[in-house]
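Structure record follows, encoded as structure tokens.
In this document, chain identifiers A, B and C correspond to the written order of the chains, with residue numbering beginning at 1 in each.
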Amino acid sequence: MFERKVAIVGYAMSDQADRIEDTREGMIFDTVRAALLQAGITRDQIGTVVMCSNDFYDGHTISNAFTVEPAAAYAKDETKVEQDGMHALLYAAMRLASGNYDVALVVAHSKGSEFEAQVALSAQLDPTYDRQFGWFNDISMAAFQARAFLDKKKLPEEVLAQVAAKNFANARKNPKAKARDYSAAAEAIARSKPLFTPLREQTVYPVTDGCCVAVLAAEPKARKMKNKPIWIKGIGHWQEAYALSERDLTKMESAKKAAKRAYKMAGVTQPAAEIKVAELSEHFAHQELQLAEALGLCEGTSAAKNLEAGRFGLKGKLPINPSGGALSACALGTVGLVRAVEAAQQVLGEAGEHQVKGVKLALAHGQCGPAAQNNVVAVFGK
Amino acid sequence: MAEEEKKAAGETKSVKGAWDVKYRWTFRQDLMDRYVAGLKEKKLWGTKCHRCGRVYVPPKDICGKCFEEIDENWVEVKDRAELVTYTVGYTSITGQPYPEPQITGTVRFEGSDSWALGPIRGLKPEDIKVGMKLKVVWREETKGQLSDIEHYAPAE
Amino acid sequence: MSEKKFFRVPSLVTMPCAWSVGPFLDRFYAELGQKKIVGTRCPKCRTVFVPPRSVCGACWKPLTKWVELKDQGELVNYTVAHVDMRGAALQTPRILGMVKLKGGGAKVTAIYGEIKGVAPDRVKVGMKLAAVWADEPKGELTDLSYFQPVSK
């Protein structure tokens, strides 16, 4: 439980696309400026800045040293996490809850068009054993999880294409998502280029450039800001074993535990009924189904059945990823923060064409590590 | 050390790998073009913050101190500089000894508020002093490259 | 407003590394050189970790009991790779498997290995596999060359 309540009071995000016509610094500067403007604050009012990026993505160590100035962190208390933007949001919220600061800036960014994503991501794996095989990257690791889940649930591979098709349809209504052609229907997605079975080109995240910024404030300050505060009602974080062979890949135990903590803090007892929209970091299509089950968002026990019944669609009872999710656009390290900002927009009624009606409570999820080893779940509301 | 000795000392098997990633970093071409075009004419151009008036050489497009974009506000500075600080290197960055000590300085051009790094030649390590006046020694035939500034030397 | 122009500078960051594998993997690799696969057993939950771990994360117990596994087991998970690690298309798809070895009791963590001798569209979870060893093992990961179906 936080000693002081913390809210999102401002946000901005860049297009999630190859931003060849932009430097990293320019992209961050423009997005942070937009967020400050949207929040109605100046740089002087920011107490602390938490960034999310990754040295391997940026190509040099302690890479935040180079982005201090565009991130409005000059001469401020600034730090970086190398997990996901949602983790950055968690740590920024804790800095505010501690009472040391009133306003925090959360800045997540990466330029996927500038590096070999899967090579950089393979650096997260154990070098003394896993990496020695030479075939592991983020996708092949997740492929084992997909296979385990589909087999356990006796689901055909086509269900993965159905997840992607739903999210692509949503992405067509999201002007920020510009990573692929979103016109493909499930049949075509199911025939897209195989990578590591059962995962295919269109059931795996497309790596893009992007920057996402959230302005957080603690009460009482949060109530005096220009925008209506969207409170972090609950937040939970959990981690499981690194090695796939030491986990039950059919479940997402750490996501489940993270959600349990978030729900307890938020006073949510019936998530499937109380949560009105969920933005999940489904880096791979199967993960959306696994997460929906782990987070208790299904009617019954089968996410695939909920999907098929249209319950997770934009007009369904509990829309999942109305933004299009990570399958539609994925600037590595920003994904969870994008989900949090999307969730806040849904509560505010500012989500535009992909707005869900009457959202009181929205859920956002972030993850990192091979096959979603580490998960953060947050519940947002007015 | 022989394998047996390593074992006895508690060393374990070593496996190899690499941080081996290809990158394509993006830079502002218009800023760099203008800067190196100046170098070709043996001139130093920088950008000046609209708000605080700080001059950055080489040019920057963001004044982080003011959180302001610097747009088309070019100023010329002199090719004379003050030594802000320095270090005397006896080995290369990989640890190989230099035949002669190499002085690397941080210099501030007259009219600039930022610092530039570069080699200093023409004096012995014991004669160098923070605050001393330096001049830019240009390459004889400048080409519009960063290496047009060959080094810095004491001003007469 | 000036017209911004951008250029991209290709760069390869190469930093060679060498990692000491530590005493547990050191023994594991050495045993591979003897065509043996070993793991460590948790005294509390009885899980056998292959390759060996020094500690059981769930029970937070140090692992000191070594177990030798059989070089045969069952396929518990697999993926068919159509691309390599960098994303380049493979001429021939490869089957990458997770194999649960026999000889360690009920709870044995699966080991990674390539599966050969079966077509990608015929591979099945649950199939029985046997390790194929290098002719001259050297205490390297590649000593265990791959797994292939046990002939009936």
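Miscellaneous remarks
Here is the rule we use: contacts are C-beta pairs under 8 Å (C-beta built on N, C-alpha and C of every residue); 3 or more make two chains touch, one makes a residue touch a chain.
Small disclaimer: the values here were computed from a predicted structure and weren't measured.
Most remote chain with respect to subunit C, judged by CA-atom centres, is B. Counting C-beta pairs in contact, the pair that comes out ahead of the other among A-C and A-B is A-C.
Averaging C-alpha coordinates per chain places the centre of subunit B 46 Å away from that of subunit C. One inter-chain figure worth recording: subunit A and subunit C are separated by 30 Å, centre to centre, where each centre is the mean of the chain's CA atoms.
With centres set at the average Cα position, the gap from subunit A to subunit B is 39 Å. Of all residues in subunit C, those that touch two or more other chains are 4, 6, 8, 11, 13, 17, 19-22, 25.
Across the assembly, subunit B contributes 15, 17, 19-28 as residues in contact with two or more other chains. Counting partner chains per residue, subunit A has residues 20, 22-23, 26, 59, 114, 116, 119, 127-128, 132 touching two or more of them. Listed in rising order, the residues of subunit C touching subunit B in the complex are 1-23, 25-26, 29-30, 139. Residues of subunit A that touch subunit B in their complex: 20, 22-26, 29, 33, 43, 56, 59, 68-70, 72, 74-75, 111, 113-116, 119-120, 123, 127-128, 131-132.
Those residues of subunit A lying in contact with subunit C across their complex are 20-23, 26, 59-60, 114, 116, 118-119, 122, 127-130, 132-137, 140, 143-144, 146-148, 151, 193-199, 241, 243-246, 249. Residues 10-30, 32-33, 71-72 of subunit B are the ones touching subunit C in the complex. The part of subunit B that touches subunit A in the complex is made up of residues 15, 17, 19-28, 61-65, 67, 69.
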